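First the structure, in the form of structure tokens, and then the observations on it.
Order of writing sets the labels: A, B and C. Residues in every chain begin at 1.
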Amino acid sequence: MDRKRVAGPENAVAPLVEYPKDQLRWAPQQEHRHSSKRQPEDIRPIYLKTGLINQANGSAYIELERTKIACGVYGPRQKKASQLSSFSGKGTLNCEFKFATFSCQKRRHHIRDAQERELSQVLSQALAPAVRLELFPKSVVDVYVTVLENDGLAACLAAAITCASVALAHAGIEMLDLVAACSGSYMTVPRNALGQPQTDATTTAAGASRDEIWMDADLEEEKHEDGSIVLAYMPSLNQVTHVLQNGRAEGAVISQSVESCIEACNKIYAVMQHSLLESITNGKTQ
Amino acid sequence: MPTNLISPAERDYILKGVEANVRADGRQRGDYREVSIETGIISQTSGSARVKIAGGTDMLVSVRAEIGPVLVDSETGDGADKGQIICSVECVPSASQGWEGRGADDVNNELSQIMARILSSGNAMVDSTSTDASSPSATSKPSSTPSSKGGAAGIDLSKLCIIPGRLCWILYIDALILDYGGNIIDALLMGTRAAIFDTQIPKTQLQEFGDGQFDFELQDDTEDMVTIEGRENMPICVTLNKIGARYIVDASPLEELVTEARLTIAVNKYGQVCGLQKSQEGCMEPSLLLEMIQSGKTMGQALIKQLDAKIEAEAATDLSMRMQGKPPQKYGFFAQ
Amino acid sequence: MTSVAATSSTFTFSAAAFQRLHPAEYFRKFVSQGVRPDGRLLSGFRPTTVHKSVVSTANGSSMVRVGGTTVVCGIKAEVAEPTLEAQDKGYIVPNVELSPMCSSAFKAGPPSEQAQVVSDAIDRILKDSDVVDLEQLCIEKGRAVWALWADVVCISYDGNILDAALLAVMTALTNVRLRKPTYDEGVVTVSGEALTEENSFSLTLTRTPLSTTFAIFDTPNNTLLADPNSAEENVSLGRITVTLDEKNQLCGVHKVGSGSCSPALIKSCIERAKERTQELRSLLA
């Protein structure tokens, strides 16, 4: 029992959602993504702004339509005694990834769960290759990411990496390159489905569907995916800093998705550079 | 192991060795150490396996089948006719320096999550539109890590359902890592595959009372157990460690300390990639990444073949022993 | 800079260094001139903006900015069992999260003392001032009621969190839309179709209390600083928060910190709070 928060009822659950029979949910269709304006390779428009947290050394906010993420960077600052258990010539990059309780379809908890802990680790592994940690031994750079709204988990992780990398640059922490990240989802799109959602697709014969990679899938699309990939990439150095894939796919699909992600990362990179330049011309960098 | 240290001389020795394709223990870059697996060694579980890699890595994987309520997603209503798989990995704190104190929590969590993700990723043989992996509403889960309700790595989850909408089998896969000698993840997935192959669950018979009420009967005949369906489609994984410009498989503890970036590639027997994850604080070029995926896939497929042959052979020996009325010969826990 | 001048008449340092070394003294210089370092008058408030429906995964949400303080409030509705004492009443559970992201003053882990104080103050205002008739949240008497989790996340912290958080909670409460539930044998179901006037409802608020905070700065007759930022909070003795509803009825006066203040000072706080809450109400509409 959490005594430090205002206590609510125990065992609260989300109500069951019942969809009327005549009103079917969205399902992948030929030439139609959930947001019909997008093509498979299109990512959502990005709004990226630095410096919204004035107490932080660096901060950034990213929005991809409904996905909203804020990131604050503190440091380099001295490690706490408990973190100094062993000497290391390199600094530490400490990332904390948190979903706001109201950010997902199902309510999340205040306390970090296993998934959030893993995403924190992924975040730090994706950013660490870019940060020159050898420049500040015995110090720690804290990166705090809060997801305000989650519209697609893989896309959310990718956006968090992009946002955190811009926040690190905004904090003036020396880096080799910015890290851009993008997600892609493996979709099986039924060929003959014109407005016919494939909820019970056991009847879909092989060959009647085709595999596509949809970049930056949103939540509805993600519910129908076969798998997804998140790729973090340093465009100027041509280095992949992280890759996380789940779901099954043929080798050729993987190669194709890696290439598509790199292409999208290059586009995101331009947006990142633009927002950083803007923060300088506005005279707001520290 | 973040707290383990390595001297510059040792680092250099390993780097040059990997470059020259001669590793400290005489292996080449693509060579595995000897792996020994024994199944059915814990009597109280539904299935179990012990995996040892010659360099020291030693672990126990057990599968416990229990009957529990189905996990239904309140938003989509999915999962009503599916069983569940819940993974948990625990490292013995004294086995490695890096597993002491809070470090162990992170390692346990990372390994549990990797395992859950690989096991939940895409049911190879079931039609893909019904695999509904990793919808975020289903992934907001408690500290235990149920693999998401989609097809679990070939294991046919719908066959684990007992009464649709009410009860199902829950497979708890618990791994205990007893000793650390490098390459934990590969051994973990091999052990899981072996343990699932060893798993037998009682048959259930559904009874209908007419008014929409159901009940079921558990058949307690030990001779009449069923195996887990779709088990042959389960993936295993191959972890490649990038050292310098090259990469190696099955790294020893010292080699893991030199590793810049690590790539875990999960692959099933059809050569489909079932998961990819980079770890460690390094990076790699996209061309190298693709090359690593390709070779991981090839190695993984070969490894599955060998593993299956061994598991089958052991099962056949056990069976023939039973036919002769003798207990199957197990080397037991302290076998070397 | 008198003490410095006494030891060495030639030793000077920049305003920024003075601010770091003697924040209170630095501040006193400004206050004695009737202004504040950020250019506001002593009674000046920072620009305040309110946005509604900012998070679509929440049943109701809002974002409030008060100068450099930015908070987001999201309300999630879940179904819970009512208590035995109040079988037809739902729950509203406010919690304020002051994460280490919003300021270096906060540490990771369980809520800090300050976060607890703010959450508790909002909870008390909601309960004691009878803001929402909780019977609106009843689904099936004695069986199921709505539980509204009103969580406030602070994105950027620059003082006066209570005013911002309370404004955010009130805005989010007016923004809440709940789908009409059906109750059947212990299972609560809502329709998945698009929100319409028919299949959902809003909450009716009995009153909307809003607060105004003043910092007490240590001068001979205690100077009041309206809407203190975080630097001002750190140099002041304490804070007085006055909460008023739309009829200017007092919903609470809350004083934290050391230092005493005269009844006249509190009276003047209330008078000034009246003007401020009227301004805020125009933002809410």
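The rule is short, and it goes like this: a contact is a pair of C-beta atoms (placed from the backbone, for glycine too) under 8 Å apart; a residue touches a chain by one contact, two chains touch by 3 or more.
Predicted, not measured: the structure shown is a model, and the values here were computed from it.
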Item to check | Chain contact graph, described as a line, ring, star, complete graph or other shape | outcome: line
Checklist entry - What chain lies farthest away from subunit A once each centre is taken as the mean of the Cα atoms? => result C
Item to check | Where subunit B and subunit C are represented by their mean Cα positions, the distance between them in whole Å | outcome: 49
Checklist entry - Between subunit A and subunit B, what is the separation of their C-alpha centroids in Å? => result 26
Checklist entry - Once you find the CA centre of subunit A and the CA centre of subunit C, what distance in Å lies between them? => result 30
Checklist entry - So which bits of subunit A are touching at least two other chains? => result 13-17, 25, 104-105, 107, 150
Checklist outcome for this item: So subunit B residues touching two or more other chains come to 75
Checklist outcome for this item: Residues of subunit C that touch at least two other chains are 192
Next on the checklist: Residue numbers of subunit C touching subunit A in their complex, please.
Outcome noted: 54-58, 61, 68, 70, 72, 74-81, 83, 91, 93-95, 97, 99-105, 108, 110-111, 116, 119-120, 123, 147, 149, 151, 153, 155-158, 179, 181, 187-193, 230
Next on the checklist: For a test of understanding, state which residues of subunit B touch subunit A in their complex under the given definition.
Outcome noted: 2-3, 5, 74-77, 106, 109-110, 112-113, 117-118, 120-124, 127-137, 139-145, 235, 261, 263, 268, 271-286, 289-290, 293-294, 297
Next on the checklist: Quick check: in the complex, which residue numbers of subunit A touch subunit C?
Outcome noted: 2, 4-20, 23, 25, 52-56, 59, 66, 68, 70-72, 74, 77, 96, 98, 100-105, 107, 110, 142, 144-146, 148-151
Checklist outcome for this item: The answer for subunit A against subunit B in the complex is residues 13-17, 25, 85-86, 99, 104-108, 113-115, 117-118, 121, 124-125, 128-130, 150, 152-154, 156, 188, 190, 198-202, 204, 209, 219, 222-229, 233-234, 237-251, 254-255, 258-259, 262
